[in-house]
Amino acid sequence: MKYKMKKLPRTPFDGDAVHEECGVFGIYLPEGAAVSPAHEAYTALFALQHRGQEACGIAVCNKGVIRCHKDVGLVNDVFDEKTLESMQGNMAIGHVRYSTTGQPSRENAQPLAITHVKGNLAVAHNGNLVNASELRRKMEMGGGIFRSTSDTEALVYTIVRKRLITPSIEAAVVEAMKEIIGAYSIVVMSPRKLIAARDPRGMRPLCMGKRAEDGAVIFASESCALDALGAEFVRDIEPGEVVVVEDGNVRSIDSGIHEKTAACVFEYIYFARPDSVIDGASVEEARQEAGRYLCEEHPVEADVVIGVPDSGIPAAIGYAKYSGIPYGVGLIKNRYIGRTFIQPGQDKRERSVRLKLNALRRAVEGKRVVMVDDSIVRGTTVGRLVKLIRDAGAKEVHMRISAPPFRYPCFFGTDIPDSDQLLAHNHTVEEMREIIGVDSLGFLSVEAANKIAVGARCTFCDACFTGVYPMPVPESVEKNMFEMELSE
Amino acid sequence: MKYKMKKLPRTPFDGDAVHEECGVFGIYLPEGAAVSPAHEAYTALFALQHRGQEACGIAVCNKGVIRCHKDVGLVNDVFDEKTLESMQGNMAIGHVRYSTTGQPSRENAQPLAITHVKGNLAVAHNGNLVNASELRRKMEMGGGIFRSTSDTEALVYTIVRKRLITPSIEAAVVEAMKEIIGAYSIVVMSPRKLIAARDPRGMRPLCMGKRAEDGAVIFASESCALDALGAEFVRDIEPGEVVVVEDGNVRSIDSGIHEKTAACVFEYIYFARPDSVIDGASVEEARQEAGRYLCEEHPVEADVVIGVPDSGIPAAIGYAKYSGIPYGVGLIKNRYIGRTFIQPGQDKRERSVRLKLNALRRAVEGKRVVMVDDSIVRGTTVGRLVKLIRDAGAKEVHMRISAPPFRYPCFFGTDIPDSDQLLAHNHTVEEMREIIGVDSLGFLSVEAANKIAVGARCTFCDACFTGVYPMPVPESVEKNMFEMELSE
Amino acid sequence: MKYKMKKLPRTPFDGDAVHEECGVFGIYLPEGAAVSPAHEAYTALFALQHRGQEACGIAVCNKGVIRCHKDVGLVNDVFDEKTLESMQGNMAIGHVRYSTTGQPSRENAQPLAITHVKGNLAVAHNGNLVNASELRRKMEMGGGIFRSTSDTEALVYTIVRKRLITPSIEAAVVEAMKEIIGAYSIVVMSPRKLIAARDPRGMRPLCMGKRAEDGAVIFASESCALDALGAEFVRDIEPGEVVVVEDGNVRSIDSGIHEKTAACVFEYIYFARPDSVIDGASVEEARQEAGRYLCEEHPVEADVVIGVPDSGIPAAIGYAKYSGIPYGVGLIKNRYIGRTFIQPGQDKRERSVRLKLNALRRAVEGKRVVMVDDSIVRGTTVGRLVKLIRDAGAKEVHMRISAPPFRYPCFFGTDIPDSDQLLAHNHTVEEMREIIGVDSLGFLSVEAANKIAVGARCTFCDACFTGVYPMPVPESVEKNMFEMELSE
Amino acid sequence: MKYKMKKLPRTPFDGDAVHEECGVFGIYLPEGAAVSPAHEAYTALFALQHRGQEACGIAVCNKGVIRCHKDVGLVNDVFDEKTLESMQGNMAIGHVRYSTTGQPSRENAQPLAITHVKGNLAVAHNGNLVNASELRRKMEMGGGIFRSTSDTEALVYTIVRKRLITPSIEAAVVEAMKEIIGAYSIVVMSPRKLIAARDPRGMRPLCMGKRAEDGAVIFASESCALDALGAEFVRDIEPGEVVVVEDGNVRSIDSGIHEKTAACVFEYIYFARPDSVIDGASVEEARQEAGRYLCEEHPVEADVVIGVPDSGIPAAIGYAKYSGIPYGVGLIKNRYIGRTFIQPGQDKRERSVRLKLNALRRAVEGKRVVMVDDSIVRGTTVGRLVKLIRDAGAKEVHMRISAPPFRYPCFFGTDIPDSDQLLAHNHTVEEMREIIGVDSLGFLSVEAANKIAVGARCTFCDACFTGVYPMPVPESVEKNMFEMELSE
């Protein structure tokens, strides 16, 4: 069954998104392991850093005592040797959090470590719940207090309440899964167990690995974290599955909740790292496939195909390969521009683009250029890139976008700018073409988007392009539902 | 009625204490005030900084939206201009927290800002609850989760649960006061109200002030914070009283809970700033009185009276005045030694003392010296000071301590080292005298300690000296009752 | 004429180098310019950051007063808004400095700002002098003192001494150029003039640009800095040329010193940014050319060509294009690994490589792979990369290096590890092939290296490959010639 | 012979001064010492921190290699464990620098470490040269360059030039002393020697100590640094003396330059730490003497004598003792207010005073108060203090200043605000009394100021009070003689 929104929130959306993604990680070390779980988590979070740069954290469990360290900032900023050394134990979970609009909040950093009537617990969560407000309201009616605005606190409360009426933490997780609705991949650490669970639709990725040399069991949002630790990929966590590691043994529990799978297609287009394999499909390959479909759907005669670094590159290579037009490097990215670049008084955005990306004159001068990127948001950035390429002497510029324009809000982890800021909002593709100043403009079709993940063992959620949701969604998007800014 | 512990926790205590004190603050600005509440709180926390150097925080309320900033560190470290500027509004509360053993935890920093079913709330708390574990357990049984190990979270939970069955936040505070047992001075901020409350025994100080120039209403742990803001002292909050500021009007509510007052005598001896007036008694005067009683109880023939800076100075002046022996400056304190002094490999503590305090040879050479300090913990520091003074040529050293030796644990806000680390544990006064190497040693009597706060309108708690508690206390001291270190 | 070293310093060198490169910048703003020179320098240094990450600095001139700010760290770390705002004026020069072995020294940061008998001066310098020791000795014999170990201080001393006997600062620069020997591109700022000069062999790059919108005159090590400021490339500074900007007018002075040009070929192979054009040749194009020549000289039958990010990519693309073997992405670089990655106790280097670069299994599995990189130093890193690719299923691995093995020390700005640490030191190419575990190994020929810079208007220095130097060089390499570490 | 200024610089001065003082230190460890010289210097600089809070630094010598670390900030900020650990050796010198107006400059931080023709050298200097400009000019005429605006660079240049024509570094120091004119206490470290020297008038303090336990030889500005290291005071360095430590042996050299001693009387009144003994006189005792003379010269009937913390306290104690009026604590200083207190928009200075110092009502209410401070600058601070005391209920306030009003510029290390900012500039004592709002006002007489240092073996410089200088002084005060701000 498919669901449509009854009432469009604000206005339909399209264009680029600012994504509220996260990455999760968990490791269970066998007795006598030579490594510390905090160091392993630290390394893994580096490999997952692309999934979230706002905040990060690690919780370790040492003989039942949980110790958690987290803060706003990159993994590199938040952890130092001394902190890692102080975090001994046999299990760890970790989390990286994406930068959304507004100022980064320490309160929303994860893992969330708490005590409850049966002991203590730490949870790391990737995804968004559709009924978080409802759950929250319910807890509050019973006297519950909330210290953050994140869905995760409601999720933890639900697990803890279920724990009161179930014999084990894993049973509580299964019961909680019957109440929480939405997208979630979670890693839970109790004094003796490490648990991973994935929502019944498998909307967010989550996989399991094992390291041959010491028998460590590892959970991670993406397989690239396994590679970083020298572990082997075992399998993806199944939609609706709960995996428990206890006394070094791995058990699988079927929550019994099953829905048609609805994996997020944007993981392949933009979020995930190209060297990851998600639900059986290679991300790099999916991006090259997107380039191939783009070429099929929007062919053009040209002299060179260039990609906008970094995420446009694989689709550009795919387009080039399939079209036979040579692939070239047309834009150079400055790797040193961080978040804190100080703008002079005037023409800020223009300079910022010019500093971040520079055209390679020799590659485009006098040529008909196909430029591939993964999305268009306000159109200003892409417009300046087009100008850069034209100023460098390109005769023609043909823009190809390796995703469909997305027009509907995501309730499962994507934070989209207000529609009135989006170029695609009130413009046809032809109007957009004119505004950004290109000779032709082509988006990937929704059909193609559903086919790029070659070999994937699941069906996809394309609601952001189509407005057809895999579950009932709220009638309106409440952004700041709680009148409190918690910015410790 | 007085209570005694049925079972002595670990072992009886005596000697110096590491105190788990805090300072609280609140301000309500009338409409159109020219100042920002965050700046006022910042200034006030500077004046209260001596009550806690581990962590601090400020929460402001702007049209119902609460914004909170807190962290480990001194006021100076935690706040900068930009942060203060971003905290506009008409109310603020603030908190400074003392450094206890273990590594400072951000989770335990205050104010605690939360959302609940009726809106949001911020609370700052000074004191310790005797039944925090019990309250906590009760909440947990209903599915409550805890993110810190502080009593304050249990206190806030209690208020929030009472709010479900009462018509207002102040009524909820009154109801909560019927359940929480112990020492507490709290400041509560809801979207429209600022509330101050003090436990029925008045164990911790809390006063109210008003600023003539703009009508601001102010609550603070000590009157010195009112002075810093140019406000006038109005009165102390009464034991068991709840004061509400709403729409600029101040209302007093009698909680109806009344007990025999039991103000902490250590506030006068050590905690509070000498320029504060608490419950009608001047702290400086109380310390000089302690010196006077010391002289009465332990007179000696000598040539000079010196104090150990800073807290031993007033008692030394009192001793000198009453005895007629000249007061002199015998020890100079280095004002630049902070917490982070890097010790060389050897003789660390000895050097540390020598660097912190230096003897003034001319003041003590060839003289019989009375040296006054406020407490003895392990005895090592005082032993080194005695050596310093003797090395500088003192003929005799007579040590006088401006408090009784304390022998029992405090359940109301004092964290005492394990008894086996305390010099007084298994030693008589005469043995102590010998160990620290002085010619005579005298402590203040318990009777005198109860009389030093001249003009105070209350009776005192002297349980740490006598073991007679003003309320039933737990049978054992559970230190790390929750197996979780929350050190975000 | 060519020169050979009479005595080989230590041992002949080969393998990868740690380069002691720098970047310089200067800007002269016309009266009434809307921008601040410090902000412009800041932006330009971001574009030049790849030339040096150890330290950076900016000096501005405001009505004859020079103000300088510099420190160890990236541009982003060293400058904040407040500092930039405090640096007003009409001229600025800037510098970025490479990280060499040893701990970064603030004393060696540039620009070097000094006062002398005729006023003040600031200098930024890229390159190495062959006779710095000699010049230094000469100054010291006259009572001169040195506060750093950099060549730049000797250079500045020389200019200042010449200033005593010449009528202008530009004349002093010309006279100094007659005494200093080596590689240098310098930017000099006096109270009223901005001067750029390049050594007679043009060993280090230096170009000039102009911004149409406001007439600003700009000097920079690479053209990419001009692009970042929205300025147009005017021309390279000629070898032996001195360019003076005064009262907004640009004058060229021929120093009269001319030698056969000897531009550093490593700028094209490794140092420079691919989007820069140096002495008429595109860097990106040169790298692709290197790939083309590699293919010509070391062809192989294979299924895919991959590059080691980032600097191996263009040569890989060139190899692919010329050979007809498809180009693929086989290694993914983690962009978040900075310098401060904390290693766990064991297998540090191995993990570090695995975290920095990950193989893309789908791209190489079952394939014969050509892997292109720009150099081999110790061979350990490349060995682990080969293992990564093999573990990912590659059937064959053919390594191609886009530079000749270099075997001789560079006296003009390249700091090479001790030869005994270099794989190529005592090994033939065949032995190296075996050690790093590849099926074939090919280096670019010296002849080809001299041809890759297509369109360049100069001849090159290839001394590091051949031992044939463009000028007499010292008989021995004195590393720590001054027994002082100046690490303020 | 005495000298008067021919032309008054700007205008005559009086009132409080912002002093440009410094502290110096040196240590020579015998072979096999168990401690590191950097740790010892670090400890000593803590003890000397009151002499300078702007910047500090340490240079160590390890087998002839000098390593220097310095920066703006307190000792605590500039040094961490890692830095100290990296500074091994057998000698160290150290320096603390006072905060003057303008932004603190890293370039002017000391020690100054340089290389010259005979090797390397590090110098720490306290004092001011009268002929620094002249010396500087001379060096510049020979091609010298300067990287700072401090006298110290000229001093070092002079030593280095003398070294060219003398057989040893100590001989060079002696020869340099014949050229440099002014106040200086210096510590010089060459690869094998540690040298201390004091100007022929002994204007700045410098003493020598020895540690019994390991034979370390120590030089320091004040004896309190010897105490901090557990060393014994040996003697003051004589005016015009040069002391050399070489191979563990101490030699004294008489420079042959002798003048009438002119020790700075302000060391006793304000600069030095009370526990130091300088030239045979105790600083604390001198301050109490100042109080005694004040009482003699300006007696008054009163009920209590209070001091303005910290420097006014000893004089108040002296006044009380001699007059028989009880000494009391009337003002409490907040120890947590550092430099970075963020002021709200309005009434900044007033609040700042109120926050820094608070009146103790009980001590002054209804009383006639004698308030003792060490100086009056603009009169605003003292005016607010008087208001504080009056607001606290004082019936009368009698101000006593423990120094004469100073009316002439100091050329030997005191930086005085412009005279138009000084209260005393155009006002008589009676007018000043009225402005600051006291019942009576009395300054110490010049005669008394010359007598306070009981037991001192020297005569004093009182030029700042009298305009009679111990040597010819420049005709005008050139403040920013070099048009360069060197603020790296």
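So that you can tell them apart, the chains are marked A, B, C and D in the order they are listed, and the count of residues begins at 1 in each.
Rule of thumb we're sticking to: a residue touches a chain if its C-beta (ideal position, glycine included) is under 8 Å from a C-beta of that chain, and two chains touch if they have at least 3 such contacts.
Everything numeric here is computed off the predicted structure, so don't read it as measured data.
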Any chain in contact with chain B as well as chain D: none
Chain centre separation (chain A, chain D; CA means) in Å: 60
Whole-Å gap separating chain A and chain B, where each centre is the average of the chain's CA atoms: 47
Centre-of-Cα separation between chain C and chain A, whole angstrom: 37
Chain B residues counted as touching two or more neighbouring chains: none
Category of the chain touch graph - line, ring, star, complete, other: ring
Chain-chain contacts as defined at top: A-B, A-C, B-D, C-D
Touch list for chain B against partner chain A, complex: 57, 64-71, 103, 106, 109, 112-117, 119-120, 137, 139-147, 149, 156-157, 160-161, 164, 191, 482-488
Residue ranges of chain A touching chain C (in the complex, touch as defined): 34-36, 39-40, 42-43, 46-47, 49-50, 74-76, 79-81, 84, 224, 227-228, 230, 273-275, 277, 282, 284-285, 310, 313-314, 317, 321, 326-329, 332, 334-338, 340-342, 344-346, 350-351, 354-355, 358-363
